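The same chain A turns up in both complexes below, where it pairs with chain B and then with chain C.
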Partner chain A sequence: MNTGVRYNGALLHGGLLRRLYHRWSLKLLLSELLAKRWMEPAIPFLLMWGLIAYFAAVTPNYASFANASALGRQFADMGFVVMAMGLVVISGGIDLSVGAVFAFANLTALMLLQMFHLPVPVVIVGTLLAGGMVGAINGYLVGYLKSRPFLTTLVTLIILRAVVDLLSQRYSVPLAMGSDRSWLWAYLGRGLALWTVPSNLMMLAVVGLVGHIMLSRSRPGWHLTALGSSRKAARHAGIAVERTLFFTYVMSGLLAAAGGLFYAARLSSTGSDTGAGWEVNALTAVVLGGVSLSGGRGTVARMLIGAVIVFVLVNGLVRMGLPGPMTSTALGALLLVAVGIDMKWAKNRLKTIQKIYLNPTVVELRPAPSTAADSGTPYAENDRLRDSREIGLDCVEGPEDVILDREDRLYCGTRDGLILRFSGPDFSTREVFARIGGRPLGMAFDREDNLIICVGGMGLYGVKPDGTVYKLTDETNRSWFKLNDDARLRLADDLDIAPDGKIYFSEATIRYEMHSWHLDGMEGRANGRMICFDPATGKTQTLIKDICFPNGVCTAHDGQSILFASTWLCSIFRYWIAGPKKGQIETLIDNLPGYPDNINRASDGSYWLAMVGIRSPAFDLAMRNPGFRLRMVKQVPPDEWILPGINNGCVVKFTEQGEVVESLWDPGGRKHATLTSMREHKGKLYLGGLENNRIGCIDLPGADPDWNGCDSYWGKPEVARDL
Partner chain B sequence: MSTQTGGLGFKPSQEQVVLGVTALLALGFAFALPGFATLANVLTLTRSVAILGILGIAMSVVVIGRGLDLSLVATMAVTSAASLQLLQHGWPLAGAMALCLAFAVLIGVINGFIIAFVEVPALFTTLATGFLIFGLGRVFLLDGVISYVPEEASALVWLGQGRICGLPSPVLVLALMALAVHFLMSRTTLGRFIYAHGDNPEAARLTGIAVRPLTMTEYALASAIGFVAGLVMAASTASMNTQVINSTLIFDVIMVVVLGGVSLVGGRGSVGGVLAGTALIGTLLNGMTILNLDNNIQNIVKGAVLLGAILLDNRLHPRDEETARQGD
Partner chain C sequence: MSKGMTSGRRGGLMLALLLLGACTVPPDTGQPVAPPSASTPAVSNLDFNGPEGSNALRARATAALKGKTIAWVPQALGLPLTEIWTRVMREEAEARGMTFEVRDSNWDATAGLQAVSSLVGERPALMVIHNPNVQIYAKELKRAEEAGIPVIQVNMVSNQKTAAYVGPDWHQVGSMLGEEIIRQCGSGSGKSGKVSIVQGELTSGVSIEQMEGLSASLATDKAIQIVSTQTANWDATKAHDITATVLQQHPDLCATVGFWSTMQAGAAEAVKAAGKQGEVKVYASGGEGKVDCKHVDSGLLTKVLSYDSPSQAKAIIQLASFILQSGVPPENLRVANYSTLRWMEKDHYDPALCYDWAR
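Here is the complex of A and B:
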């Protein structure tokens, strides 16, 4: 809608190119791309199409329907075997016997059909049973006896192969002689399901779809994936590890047997090379497709992508006339490279993302107005906050925002996710008003005296006067052209309510979580947004995107506009929500000497503004040099970083026209460092800070002793309502 | 290893159990099979089993260091076949041997490098390099499937067919190898380090052992010993058939090692154990051959024995399957 550059009235120095370079950083794109789950199969996917395109170009008639159909029929057999392997690999194991099970199933099907002359449905069931039985043996050995999957399935591979060779040699004559003319058998082997799609390929697609739904949408699938991710965690979560493993191997056996069944129907032959070495093909395919050998990561689609790559490659190499050993060498090399990349990638992925995620940009500010005590500016330092009275000293941790209700009770959120309420004379009674969780930040009362709260990490929540917590919203519309999913609210910061009941709130950043908000400052990028929630319709809508850390929000006294602070730009903006300028944004104040936080109404028609930190020339310089900040964040431990000066307490008052009239200071932040909020109530000013262990209170001489926020927003309570 | 005597009595080591089983099996065969308990057969048995024993010793070095080398047979076949081919092309014996030994060592170093530095699990690495060695060797190095020992290299043939004091020379080579590796593993720093590596790789690294170069050394050693096994094999038939790679020989080797008490979790076992395991498998194979059992049935029996050995090893030396990596 609008861009951050436009509000950045302080953009003065530096070339346009330099600014654009940092604003549209390629690294930013890359870091967000890498964090995407769909990026992992992207490379195999491209490789697959590249290979197909290559062989289509060098082989005549490769891309014809007839050839595609024939290849598809051959591919389907392997597809089943690869899925059999893939499932087991996702569960953190390995099944090297898939190729042997495939051959065994092929033999079983042929024997049942040709030697025992059983009807085809019985043959199908019998073959699948045989495969499932081998799977059950593997599953029992690996799951219950806890033997090593690699060696165990290697042994079952040897034994099974020997059995297949023995039987096919002994019964070679009857196996080759009989032949069944059942239409079902013919359909399995040679039929077309749709148009030119072979029946077995269709079946593979159906099984793949079912497998995908099972893996990603069902309880057994989740259990299986959990087992691969962390066996210990899975056991602690109460998953029956042994049983799940057992059934995973059974499923693997069934899938490999299904492949063998179709192979039997297609070729009606058995030999010692049936499915020989397929375990390596399948393993290569699975790892190439992006199913991690460390388990827990992978989808059916990835397995099949890998299967296509291996199939097309082997098939293509054979067609090009390469000798057999060369093909197996190529596969061996491919396996080695794929596993190597998988191991390194699984180990370093998060580290890589972490390394390139932070992308500082240029933030240019004019020299800050002086805050020296003798400077004569409205920002001149004084010690008017020094003699504040403490409320709840050491009984409250990090009251980011404070607010008072009509009965003069004081509310604040804390780091532990509680809403505390102080009442009685001198606010000596402390009670837990509500338990929300998350990090409660900005607060406001609505017309019905519900306390509306922005909860960092959760969203927008409400607390009824009786203490019941309810959710207002935790998501907004997703923007189409952002890689990071910005639908969820990550860091709802402050809110205010317009006269029509609409709730306007800021989300400080969509790239960082609450605990690393200062990293967003290191980045200085326009990552935040203003969002509106309409309680009447229940709809949430992003109003303004790309704001540089929007923080405090306040409805103007006349209810026509919303004021919001942009912390890293040291500016206050006005957004018109009614009247002739509706929808427009204008800069109200820029070049503040500190980093603005919450804004609240004052009794005399002006506004209070808390400064969370004070600018320094050194940090301003750092903000102008993204490269410097990047090197600092990468090379220096966090406690040595240059950060905004937060060892000060400062509250500023400004008028409707944006003119700063006075400031209240606690130099050195002895009582109120990192001051984030202040609330005027009946002639007193209450102070809260993100890192404070108290709430402060000072008298405001000359302020209206009856003025309070609830009346200012919603009018004085009618007497009738009280009765 | 050494005999442990508990409070109540005698507790045999795995080595002794295996030797006992071997004796019982041999006794059973001797009664049941005519021709088993003859001197000629015993010599045949020891000769045929010697190669398996040497390969077992090679494998045990890696397994004690918590690894596994599935490419051992491929290395053995390709390097020894290459040396025969060099002899065919008129190379001197010593030169051909030295070059191919270096080649074997190089293969081992590459294996170890991929395992130690790229951190690909040993099973996957050696599975893949097995294919690579065989394929590349067949396509680029070797002229045919079978390489023959040339007439001039009669000294090499002695290695497989000669005798000293009535003992077949393969057995002597096995004894020599066993002694050398036993000395290496039990009396030298390198040996101690390999045990430490297998027992607890993380602890070994923390104590300052250069674990990654050590891994490369282990695989290089295994490949070098494998090359010797290949020479003996080539010498006893005066030829080297690279098709041996497609046989189940590598599983026989694993079986010998695991049965001999060299646990797959690493850090345990000794050369003596490998010899005991070799004796058992040799007796078994010899008996089955005399029984004239079908090759497939032999494979089934061997598979069953190997499965039993792995399960037993798993029972005796359990590993933490909750923290185990894939392919451990």
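Here is the complex of A and C:
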């Protein structure tokens, strides 16, 4: 398979360095990197590793296995408490009682074990239940009685602290003098999982992983996040706000209790300062990790990153022998700086992406062939489209592609995601054939008369003759070394079907969306690809990567190859899918005078090609100068940009050998500006346009009056039925 | 300066006693000593370089101490007690060529635990530990001694005993305070006999043992009535609040006793605020140097049972010096060096107890 061929290479001129500079732009990498969601906590992540590296450098034996193991064991309790806090913060609340629950769980566990001499499993369940109960009280108050989380959990904190103090007054001395005997208890506190990892750290990892999956991949997790983003919107979306909140606080209680349980097992300490001030530390960690205090934004990983930062910093500064108040001050200062940077980061990241995302590259085209009326070229301007008849005038918006079925009914997609069908005499009957959504673009009928459609923003869809919509594919194989997730289809553009039923379709760009496709033109980069979907296996496979805005796709008359247009390179390529040249790519036409769009078969064995715009020397020059274009898009409002001229309607006919034989024009684009598609059907040519308010129709004198696309592809109806 | 010298000499004496006691443990190897030869008189036969010569002794001490690290984990710096300890220990350690390192856990037992735990990994020559409670460091202390790091515990002892403990016999402190209270408030004193006890951190070794001694002592007099036993967790503000409440409930309170003078100063302020200074006796134990003197002078604290923290600090380093030079494995040592207890009362105290760490 001949993937990864760079077509524009052949067409490029000028300094190699300059071309390379623009093609392998560092900014490109940076902008795509910044756009990743996991880049949101980049600052805390770097800070974490920076701190670890720093302390490893200044503290002897820091980067040793024994130290890592010891630190990990001490970190785990705090990790649980931070997660308890983080979950509630994501839900848009706050749980100040986590430290108190931690202390309460610690005392409960020790009492159950040493005073009531209960078996360890019962102690575990009992302790978690105790924490869950406190969480349930918080959750009931906050969720169902709608009390304010801050005050509610503050009160819980105070009451629970008092309870812990009272219990400690009574029992802490005998508890402090007691000792444990159970191996399971010892394992919880001191054991190693997998021979190397402290048991509590392993448990934290497991809980963290489950929590991460819950939060990011499950319905309750999405509900929780949605709740934090906007409680009102969540309620309107039908989320059970009360119940979700209730269980969030229960989870928080459980997590804090788990931390307390491990702490109890590890230290058997009933000191009165157990968990004191941990709510502040947990909150610090959560905020440092980049979980938004206003809710709705955060992951388990971020909470734990924050927790590691706080832990490593406090631990490291104490180890460096800094006086205690200095440590607190350093923590506070760091929090301030981190929150400041994080605010700026969160605010400016998207802005920065916007600023640097567009990375123009060099596109050098030869001077375009003349289109002057008296030039004598096949492109010579004429007015053969001017007298086209209108179909559905003002009843259709943006029919990018048009197609006709065996019963001479006319279909088109519209801007609002509908598939319209026109039928009857003069196509006067307009009906909504299907509602797909997205932006329906290229269309083709398959052997079973299903209408297959490329839907921008969604993927490849089909509509059965009875109007039922079904999905064919919305993703392809992900390429390994690409930051941008290219598995999801962003802008499936046009398709055609090979005789074996395989569907070949183009995805114009993987860097831009339907609404910003013109920016891809500004960039001129090979961001598109050709993809094949095989209905027999249901597999989707990227065939050719790095094509410059692949657009129209058409199966050659003999079914041996696929023709596709590259809009910004003004070229048509042929990709062999059968025969001796299978897998090879050839340039069929280059240096067109306009920007090619859809390609479709003509009745005489040649092909129709729609030109969405006509080249101008000014724009060609702009395409040679990436720096100019970059300055333009940055400094000039979009309505003053130099864009490809799309104020002409033009259809071109070319032969199997790539020879352009004639062109049909609507000069000035009075009726068919932005002409993107044309379809020959029974001696007539139907015209569609991306921005048009009509479908056009002209007679083709001399064309076969019986020829139609369905027969051309799948044979006459009787034959089709025999098959 | 002369005060410091005095206490230094006393500390040296203590060490000498201690060494005497300790040296009897290993049996005398009976190394034969060469008899003085006839040609030279014994008095001029000063062999500095022999195996028993002074140079060898010095070399042994130097090898055991020089460049070695003593790590110290106080519950919190910034207090008179811990500052005095830290300062004197540092002076004493550095005078012996040792490095002295401090890890301030700043009232955070968990941070302290991390500090102790990481110290075990860093392997200092010896650790001096101030336990926030009897349990939290226990396993780490065990681990430290298993790794061959001797641990000296100061004032607040852990459930895990280690090479040495330096600090008061808290049972005795409780008893002495109790006896003093009985003298002032007990039968025949004509007072109400009502006593309020302000404990420190309940789970600290100080509180547990002191409470034992105090309760036992107070129980000997039927006239004594303990009206309140509450914990202020070493916090003067809490002690103040507790005492203010107790004074409202029992305006005829005879005495309040606290487990640490810095904390009990809060209780004393409450007594003063209630206009009962002098009337309600305020007792505590402490080693806060000049702060204790000030409190006693101003009448805020009626009497303070001092454990002389600078001497404690010296004792710690002398013990450390002994342990390191002796080479005895730490688990074979379980030494208690109980601090001398001395009463401080207005106009009746040794000015040497007024150590000023900030000078």
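Going forward, the second predicted complex is superposed on the first by the 499 of 723 C-alpha atoms of A that agree within 3 Å, B and C clash if a C-alpha of one lies under 4 Å from a C-alpha of the other, contacts with A are read in each partner's own complex, and residues count from 1 in each chain.
Here is the rule we use: a contact is a pair of C-beta atoms (placed from the backbone, for glycine too) under 8 Å apart; a residue touches a chain by one contact, two chains touch by 3 or more.
These numbers were taken from a predicted model, which means no experiment stands behind them.
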Once chain A of both complexes is superposed, is A:Ser147 in touch with chain B (first), chain C (second), both, or neither?
first
What is the contact status of A:Pro323 with respect to chain B (first) and chain C (second): first, second, both, or neither?
both
Under the stated touch criterion, which partner chain does A:Ala578 make contact with: chain B (first), chain C (second), both, or neither?
neither
Quick check on the superposed pair: does A:Leu336 touch chain B, chain C, both, or neither? Answer first, second, both or neither.
first
When the two structures are overlaid on chain A, which partner does A:Ser294 contact: first (chain B), second (chain C), both, or neither?
first
Identify the partner contact of A:Ser269: answer first if only chain B is touched, second if only chain C is, both if each is, neither if none is.
second
One more residue to check, A:Ser64. First (chain B), second (chain C), both or neither?
second
Touching partner for A:Ala240 - first (chain B), second (chain C), both, neither
neither
Please indicate which partner A:Ala205 is in contact with in the superposed arrangement: first for chain B, second for chain C, both, or neither.
neither
Which chain A residues contact chain B in one complex and chain C in the other?
165, 169, 323, 325, 328
Give every residue of chain A touching chain C within the complex, in rising order.
59-61, 64, 66-67, 70-71, 74, 78, 165, 168-169, 172-173, 175-177, 179, 190, 266-274, 277, 314-315, 318-319, 321-325, 327-328
Mind pulling up the chain A residues that touch chain B in the complex?
89, 92-94, 141, 145-148, 150-152, 154-156, 158-159, 161-163, 165-166, 169, 231-232, 235, 280, 283, 293-295, 323, 325-326, 328-333, 335-336, 339-340, 343-344, 347
For the complex, give me every residue of chain C touching chain A.
76-78, 101-115, 117-118, 120-123, 132-136, 138-139, 159, 201-203, 207-208, 230-231, 233
Looking at the complex, which residues from chain B come into contact with chain A?
114, 118-121, 123-125, 127-132, 134-136, 138-139, 248, 251, 254, 264, 294, 296-297, 299-300, 302-304, 306-307, 310-311, 314, 318-319, 321-323, 325-328
